[in-house]
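Input: structures, listed below.
Heads up, the next two complexes both have chain A, just with different partners, chain B and then chain C.
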Partner chain A sequence: MATTMTTETSAAGDPAALPGLRRPIPKWIWLGIIFAALLPLIGGQTGLISNFYFLQLSLMIVYSIAVLGLNLLTGFNGQISLGHGAFFAVGAYVTAILIDRYEMHYLATLPLAMIACFIVGYLFGRPALRLEGHYLALATFALAIAVPQFLKYRHFEPLTHGVQGINIFNPDPPFGLPLSPDQWLYLVVLACAVVMFIVARNIVQSRMGRAMMAIRDQPLAADTMGINSARTKSITFGISALYVGLAGALHAIIFEFVSPDSFRFELSIAMLVGAVIGGIATLSGAVIGGFFVQFIEKYADALTKWITSTVHLPIHLEPWTIYGIVLIVLMYTMPMGIAGGLASLWRKIRPPG
Partner chain B sequence: MSNMLEVKDLKAYYGPSQALHGISFSLSKGGITTLLGANGAGKTTTLRAICGMVRAEGSVIIDGEPVTGKATESVVRLGVGHVPEGRGTFTELSVEENLRVAAYTRRDKAAAARDLEMVFTYFPRLKERMAQQAGTLSGGEQQMLAISRALMLGPRLMLLDEPSFGLAPLIVQEIFRIMRRINEEAKVSMLLVEQNAALALELADHAYVLETGRVVMSGTSAEVRSDEQIRKSYLGY
Partner chain C sequence: MEQLLQQVASGLANGAIYALLALALVMIFVSTNHINFAQGEMAMFSAFVCWQLLNWGYSFWVALPATMLFSFTIGVLIERIILRPLHTAPLLSVVVVFIGLLAIFHSLAGAIWTHTVKPFPSPFPDFSLVHSGIIGPHQIGMVVVAVGMLGLLFCFFRFTPLGLAMRAAALNATSARLVGINVDWMLALGWGLAATVGSVAGVLVAPVVYLEPNMMAGILLYGFAGALVGGISSPGGAVAGGFIVGVLENMVAYLGNMLERATGFYLIGNGEKLTVALIIVITVLTLKPSGLFGHVTVKRV
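Right after this comes the complex of A and B.
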């Protein structure tokens, strides 16, 4: 149907206004990607951006991939998961074990981590998807709680090193490129993200993507359209886990360390909050959501201390208070998420025509 | 003439509670049969049971093919277009995407494209609104979209669940006129569930009246219409 219908319908309506049609990726996004890819040259070589900041940027991008994965499930398919940190952990451990124990090339571990997470996600999704709404959320919650315990399990210690975790080392850039390991890994992470976002965009605009959204909007009507809901939902679960698993694997590589306690329950929540804050069911929202997750991880604590010491507040602030305040303010001012808020702002200020 | 749909002793269950207690009826090829009855009589459940959307026992035969116990998507693939109760609009998708979801199962892309053309001849209004978010369509337009979506499945049999629900009389008449055309021109047999008995009896050739999961009355539309007893006690007009 694809070709015939596209020509059919672009005559019928304004194709640019059709979210479901395959539109080219806007030029400014490509420019942004090129700029991001040149950062190690511009900022790195001049010393404007330190290795520390490249690590921070890499982490943001990694969380963006994770939030994107969760968004495919929650935003586009309408299934809530409180346990995606589990897949992040699985991806991270698969990569860490393959590097540490089997001396595999770090890049070669990525597809394996993705496949492993797809399988785990699919198999978990298969029975879990019989559960509706909050029951599914509970099952995923249990998964998030269980996985760190599982990683500490005594009989896996030869592989996982138990609570001590696994140290791996930043790889050197190949071909003698004049880059620091942090700069090189930033480029690797960026390339992965670009590929994964393009793939996600294609999925969302495909037959599969429409089926995912149809199930989200109207499960019964989706059945009447001949969509196999159970299959579509578990495949979506698998794909979502695959994305989050890749993020976990990249996290292990850039962070040079995995341990069961890196993947506590808060990570799952942060990802879900990132997805909602960025803008549920938008791809650009995942980028913002990823940045948000990293920002909160990194700065909520420092910001709290700074506010407490400079303003001399009469109350005691916890780091998570900032989290809560930011969350509430954003939900009030931008109920469609930051991506949605920016889009409507742009529609207002854009010159007419 | 063989029947498009043959239902025998159909029982359906929601969990432990039984909603259909063995109903039987048939629909001839190219015909329109209507199921009437008060709220909760089991009309929607009957359509769902035919499509394998609720647990059911008994026999459902579509154009000679037994379908009881089959998964919904296999029934749909036999050419069953179910226009669900409440229209089932995929609200966040555009009109075009709604129609494309319907072509999900189609292998023959050229036929799907022809069906889209056909949809436009019946509902030109949708053509103008292809890019609009479906949830923002008026009730009447959403009903048109629901029927169009079912048409995009290339159906031999359409199951229509209260297409007049919540719509202004003029729109209802327009939609019923188009349903008549679809039945005649596209040779689609129809099983029509309605609260609006007068309207349904005008369109259908046969009628069955359901009450608490049982068929209590049946006949040609003319018979049912002219029987004051039935009209007063079951149809309320």
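Right after this comes the complex of A and C.
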């Protein structure tokens, strides 16, 4: 088990991918972020980009944060999780309950949701330390099943409203900014994502990040070098849950609604697929993964319609078939995910020297 | 007391299905170290194939072997065509490929046979041996078939040269190759057998949960838990684990009901039984990581 995990995640075979060397964030990334931040002004005010599109972009960024969180755990620390949807749900519910019941400001709920998820993740990660590989997969699988059940649990109903879920309201932009609520939330989500990605980058490049990767690649050697692997693994679990919890909280605010059935097992699977397809153990892979989670269904649907309209099939094709085929083909062509595939392509075609 | 017996009996009957699925998971695991997340959907697809044959008017004892043969072929083909090129791929990529397979089988079943729920006839005669109503004929049939399958597989692996070759390939591929065993084909054969065992599970469970593309979603989790609790490296343990999980799940709900009736306080009901059963399973695994009947793998550093 440990050995298979090693081979899969050591994308860091070439020295350029080693995050130990501190390099500044490239300029084009900053330019991209500034462009993204100006989108509501450019596209929104001129009406080129609809509010619905901003909503979708926000969701994509939210899923990127979630995939990033899972990536920290699975990609950088080698612990598999089939149940991160659970932390997504916890974050969403903490925010929704605080807004609904205690009438807190929505931005103030975010840090609380993050702290709550860190604690839950840490406490779950602590006993899960003894579990590896498939056993951890089962434990997290169970977590994904258990959390929606807990949200429906009879004695929590005064707080969670049971199956009905909680309605909250989209906040208006402050200071009378000339933005629609969707555009304002898009900016909030973008700002959160930028901060969280920079923090993740710093974690990965720090002593903690090196310890995480050492445990992933050679658990025994890491122990011998004096790394407290129990502590590192459970803290990583907590941090990972914190990221996913923030994503859940933002999702609740954007969607204006939470219910136990919005956090079914499929969400956890979608996050894992996003992390692997995007590129495991890479930060850029999380952005691609978020894009994949948000848009694959739409494109699979469109592709299915196109196929059914051009080719006559005896059966009524469903989008999930295309989804499955896309997953298999992507894993064939780019086993290290899209980010890994692009990086190796770049190494082949870049100008020498 | 009678109610308790009834709960245990129906737990054993459900456990038979979990046991078969756990057995299928273990068969693929021992030879390839992969957990086939698509196992449940493959079983569901087989059940649909069997239903189609029955619908065309074939008798059950024609339809079942035909379904098993079909599933065996599908299993072998999946191994040869889809998983063969991924032998050296990272574990997570294989997991994603399994998720892809799951999506494909699920949606194909929906596309071919639609998502409407279909009744599935029980293959077992409605004999009136058991009057008490503790256990129905179909439930007895499920237990008998599960134990029978295990017995057959045991004999196959223990007493036939092919079974020996498959065990050798799973235990030590390099050495097996050196003595002339075609390890690649042994893996494909393992996949085929697993798919066959899974198809029997699908056909048996279809009369209980009714036939629809979602029917295996929960059952796979139980099978997974059963396989792990019994020890993922031991087929006998997996079957025992399946039965344990089945009974455990019913016991949890039963005790919860008793508690509510005695004290009026609702603690656990049918909604939470899965969660509680899983928590118990995971606690067991934390204390005994190789499962109840698995053996500890010693690794040389």
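The rule is short, and it goes like this: the second predicted complex is superposed on the first by the 316 of 353 C-alpha atoms of A that agree within 3 Å, B and C clash if a C-alpha of one lies under 4 Å from a C-alpha of the other, contacts with A are read in each partner's own complex, and residues count from 1 in each chain.
Quick note on the criterion: contacts are C-beta pairs under 8 Å (C-beta built on N, C-alpha and C of every residue); 3 or more make two chains touch, one makes a residue touch a chain.
Being a predicted model, the structure only gives us computed values, none of them experimental.
Trainee: Counting only touches as set out at the top, which of chain B and chain C does A:Val276 meet: first, second, both, neither?
Mentor: In the superposed model, A:Val276 contacts chain C only, not chain B.
Trainee: Look at A:Thr74 in the shared chain and tell me whether it touches chain B only, chain C only, both, or neither; answer first, second, both or neither.
Mentor: second
Trainee: What is the contact status of A:Arg210 with respect to chain B (first) and chain C (second): first, second, both, or neither?
Mentor: After superposing on A, A:Arg210 lies in contact with chain B but is clear of chain C.
Trainee: Using the superposition on chain A described above, determine whether A:Leu220 touches chain B (first), chain C (second), both, or neither.
Mentor: both
Trainee: Of chain B and chain C, which one touches more residues of chain A?
Mentor: If we count touched residues of chain A for both partners, the winner is C.
Trainee: With the two structures laid over each other on chain A, which partner does A:Asn228 touch: chain B (first), chain C (second), both, or neither?
Mentor: In the superposition, A:Asn228 touches chain B alone.
Trainee: Give me the intersection of chain A's contacts with chain B and its contacts with chain C, in residue numbers.
Mentor: Shared contact residues on chain A (touching chain B in one complex, chain C in the other): 1-2, 4-5, 8-9, 220.
Trainee: Under the stated contact criterion, what part of chain C meets chain A in this complex?
Mentor: Touch residues, chain C against chain A: 29, 33, 35, 82, 85-86, 88-97, 99-104, 106-108, 110-112, 221, 224-225, 228, 232, 266, 269, 271-272, 274-275, 278-279, 281-282, 285-286, 289, 299, 301.
Trainee: Going by the contact rule at the top, pick out the chain A residues touching chain B in the complex.
Mentor: Answer in residue numbers: 1-5, 8-9, 12-14, 17-21, 207, 210-211, 213-214, 216-218, 220-228, 281.
Trainee: Sort out for me which residues of chain A touch chain C in the complex.
Mentor: 1-2, 4-5, 7-9, 74, 80, 127, 130-132, 134-135, 137-139, 141-142, 145-146, 149-150, 152-155, 220, 269, 272-273, 276-277, 280, 315-321, 323-328, 330-332, 335-336
Trainee: Can you list the chain B residues touching chain A in their complex?
Mentor: Its residues touching chain A are 51, 53, 71-73, 76-77, 81-84, 87-94, 96-97, 100-106, 109-110, 112-113, 116-117, 120, 127-131, 146, 149-150, 153.
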